[in-house]
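Structures follow.
Two complexes, one shared chain (chain A), two partners (chain B, chain C).
And then the complex of A and B:
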């Protein structure tokens, strides 16, 4: 057995906000008919969360269900449970037009925390952060690459990107968070 | 800067989150078509100065295709609508006519 390791093994940077690679995170892509009752039930069983509406993210006891597109969800579960959860989803949705894939090792997760965490992301993403409430996930770009982000706590933004660009995204966030580069110094 | 509201996810996405897909509502001519029709399908575009219907993809967002009506001269956006529309829907036509009373209509 090989030892699982996250993209940047928990790398950190400290500036006017703190940037951390969040380590191993189970992530499952679920595609299918979001109007299907069987799919909603399978999501509930896998995460404990009700099916999120457009752009919604529901969180419960360390798990989450996030709306990615009209036919796609991203489910967050502990890393060690992802394989079994994906298999359980596949079994629960047998006969449905649906696909569950464990993409944990294909993604990277970052947390940006601090009172000015917004400003770190604001410099990189064409998103109106003043109108991004908690409970909403926003797919967008971070500079040149695709990303999805949400408010995971009052002063914290979580950001998911592809693992292959994790180094690039970490550098973006770390440079954007450099002390002295605040957008509106207090 | 162009901002289009994606009808699939509802995000008001600015241009850099979108990928352009050219003119909307093209009629496809494939196998069995005449050379003239096939050439027209591949190359002939309206390219108007004014009201235009376009395909866009929310590439850095929900990933879905949608259609948009806008003015090529002013960048004014009249509306966006589902990619599965064979022609501009009545509310889009009405929105255009409200802003461009002398527009000749979709053809």
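And then the complex of A and C:
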């Protein structure tokens, strides 16, 4: 079997913050009744995380569960486990109305890192980063395309977009991170 | 003449000389100069020619309100017209050119218009160009285009880059003068987030120039101290060179930061457009001085009194050796004092008021300056520069009492608070008759979603023109307690006296030369003429005369024009009302609006996993939605049409490979999914067996065809819906709309998996052989019949294979995870080399589907076509009680046999019909246009048949098979016979092997 390739194969750019495509990330779209105990249990089994509240993202040992909408979660697992995890979720939720789909290949994941990482994203996303704590995820846009982002570390923002626009988003992030164009006032 | 003073200049750095050019002449200035200051320092008072009469124009102001002193700035790809010299910071090597002058600034031919002013009155365009009609196009417009206009349009692509940024704040303070700083300090003490924007490079505004003391220290010192304490607060952000351009609903503010205007060529975004969400806005935007309307008030050397003072104090530039001050208020006396203290001569202060007895006039008199009360200017003498003023009684009709030689006139007609940001979102104003100005009406402030005011004016912007009042007002606007307000000490000012025309009884001869709007050349006589011609509304008068419609948006002219109009109409100013304040406050660049969206990232470009391979293979691209798909892959010296013909023929005879990854793929799952799809499609999808595929049509509620594609039953409760390439997002939204808004109790979930899978169509007689070579899945006719699908591992990659055909050939569409898409594509190419495998593009796809008579959404459909028009009745269920569009399709117009329906078309000579052409019918339609009976919807050269083939919609088409229609293209008639639209393999044997 051929080796899977992420959209930009780990491309990166250095400016006043570092922009890198994070390679392959397992992602599962889970739609269902978020009030259901079975769903919470299935999420726990798949990610080790408790169900996140509105706009929340819970992370544990390299896996995560993120709130997307009142009936949708995004689960993050290692790329190689995504297909099996999706199948396990489908099986665990067989008794109720739910949908679990592996969307790992439909997405691209970027990390913007450095002390000024926020300033890169501020140029593209209408998000109040000063009031975005760790543990929150935002579905927003990056310039002209849909995106979701969260603080994956104190000095790091993770941003997910659709795979087909990975090149566009990389170029957006790279030009926004160009040295000298910091937003900090003089 | 104007010149640099030997000492002083609080904003310039004499240790950093900078050279620049004006109309090719090399000049010198200092760091900290504005272009206007540097030009004046070089005695360049004449900057450009006026818009209509080509009158010589100089520098009138020292800030954003400047109407005259605009230049073309920069060269080549950095050239930009209409740059305001009074706000542009001087930089080394700045190349500036005067505007609207030909052949040059000093000798301008257009100035002949000046002699013809009687023939260019208000409404000149409307009056002159209405009749005779041909004259506009052939006579007037070419002449007007040559002589009108301001700057030259840049010819080159802009070399700079731009960006935007978002910000959020509790309190936004616009204006970094002393009022803004006081408001910010008061607001910040409460711990709220405070953002302060200052449009210039300097904090403090006018106070340091006006010699105000605050809390016992000079204004400069207080400003420095306050800025330092604000900067130290973690909840305060200070931004200079950032102009708030517009305030919109819900506290949305757009501001432009001039990041690198003063550093051209630096690797920086030139402008940054800030998009700010503010809880509350404090507009500490100050006030703008008004000119006085006297004859010759536009002659270079006449400037605002506050500007004359700014040039002396800020940049150590003398605007003239002898400056006559003309005023209706005390503030202008500060200019007299500043000029006198700088060693310049003030021959007289002409005060329109009968008495000038305040503290400031007393100071002027104490310095020996002549103060003439009840006097005004009858006329300014001079052409390209002021030579003298003729003094008259303000109360009279302009009889000259005295002529005073001078080279500068500093005028002040009072101040207008800058209420723009308050007014833009709907704040109302009241007229303050005593001070001759509109001020914000606190009872009618713009309100936010909570019904509370969200914009407050502070300081001079709220009408508190005196320093002490302004600071107290601003401190209160920031939420501070009165006792803690900073205290300003300034000379007390006596009341001003509104003066709208000088002298008040000026005859027509003088009124013809009194400018109101300097940039658009509108005079007192024009507004009075408009009133005589029946204009009563200020909005109509504005448009008729073009008053206030130039790029300065009438910052200096609106109130004066309004007063003249009110006077002409014989009514008080508030009865006439103001014009509407609209964003932007001052022009912002198109670059900042477009921001990063240019070049490669003008639009998001969607790429399939095989995109780079296509590019390397020399694909000619076709945009499909935001995707780029290969149109064809020319080889050697092939033309595009040759490449398409080869790709079609090779696919029909051997094997073709198509990147079909862009096809929409939407997973629909749940107990009610079958019922849901039965409503969405015209055919029954709930009855589709697991493992099978069915072609489906989707219609809007109005019955019109909106999308088509193959639906696959994955499991008992799960279907995969393929959509058109451009339609995936739209159809997904359509599904969610119905699920969330109408059938919210149906148990159905959807997921758009379009990009999860790369999809490759393997098409042609050798298709099965190729898949067998790749190995892993049984693709025999028995195991995988037409319109079925299977899953497994193909070439070592997890794959789903759909046996469907859009070409009429034996065809498989293989879906693999996107991350394996390129690997699978390459595996096919490697394994299929000796099977005659060639990739083909979208045009070959189109030709092959047309040869088979398959419709294409967007070609055969245009939003007015129903499936029944296209002979697709077989895909419409007769049994289903309902589906979206069913009832609409039963309406009489939809069932009318006269409707245009799909047929094939073949030209009699085998040529290719032009796309979109119409077949005329006898007679005319109700609009008097030629009646028509059909049009071409798809047309191609078919390499398979060796002739042109086409499809079209024709009135009662299927009943007229065999009839010859005349299509008309470019005046030529092309006969084409109506035929069946399936040109190739009517029985469908080829796809069924």
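The rule is short, and it goes like this: the second predicted complex is superposed on the first by the 184 of 186 C-alpha atoms of A that agree within 3 Å, B and C clash if a C-alpha of one lies under 4 Å from a C-alpha of the other, contacts with A are read in each partner's own complex, and residues count from 1 in each chain.
Methods note: contacts are C-beta pairs under 8 Å (C-beta built on N, C-alpha and C of every residue); 3 or more make two chains touch, one makes a residue touch a chain.
Computed from a predicted model, the values in this text were never measured in an experiment.
Peer 1: According to the contact criterion defined above, which of chain B and chain C contacts more residues of chain A?
Peer 2: Answer, by number of touched residues of chain A: C.
Peer 1: Quick one: is A:158 in contact with chain B, with chain C, with both, or with neither? Answer first, second, both or neither.
Peer 2: Neither: A:158 stays clear of chain B and chain C.
Peer 1: Kindly classify A:54 by the partners it touches after superposition: chain B alone (first), chain C alone (second), both, or neither?
Peer 2: First partner only, chain B.
Peer 1: Can A:70 be said to touch chain B (first), chain C (second), both, or neither?
Peer 2: Touch partner of A:70: chain B, not chain C.
Peer 1: With the two structures laid over each other on chain A, which partner does A:126 touch: chain B (first), chain C (second), both, or neither?
Peer 2: The answer is both, since A:126 touches chain B and chain C.
Peer 1: A:141 in the overlay: touching chain B, chain C, both, or neither? Say first, second, both or neither.
Peer 2: Only chain B is touched by A:141; chain C is not.
Peer 1: Mind sorting out which residues of chain A both chain B and chain C touch, each in its own complex?
Peer 2: After superposing on chain A, chain A residues 126, 128 contact both chain B and chain C.
Peer 1: Residue numbers of chain C touching chain A in their complex, please.
Peer 2: 161, 163-168, 193, 237-240, 259, 266-269, 272, 275, 277, 596-597, 600-601, 603-609, 626-627, 667, 669-671, 747, 749-751, 753-757, 793, 796-798, 817-820, 822-824, 827
Peer 1: Quick check: in the complex, which residue numbers of chain A touch chain B?
Peer 2: Residues 54-55, 68-70, 72, 126, 128, 138-141, 146 of chain A touch chain B in their complex.
Peer 1: With touch defined as at the start, can you tell me which chain B residues reach chain A in the complex?
Peer 2: Touch list, chain B to chain A: 8-14, 16-17, 60-64.
Peer 1: Taking the complex as given, what residues does chain A use to touch chain C?
Peer 2: 1-7, 24, 29, 31-32, 71, 83, 97-99, 101-107, 119, 122-128, 130-131, 143-145, 162-168, 171-172, 175-176, 178-181, 183, 185-186
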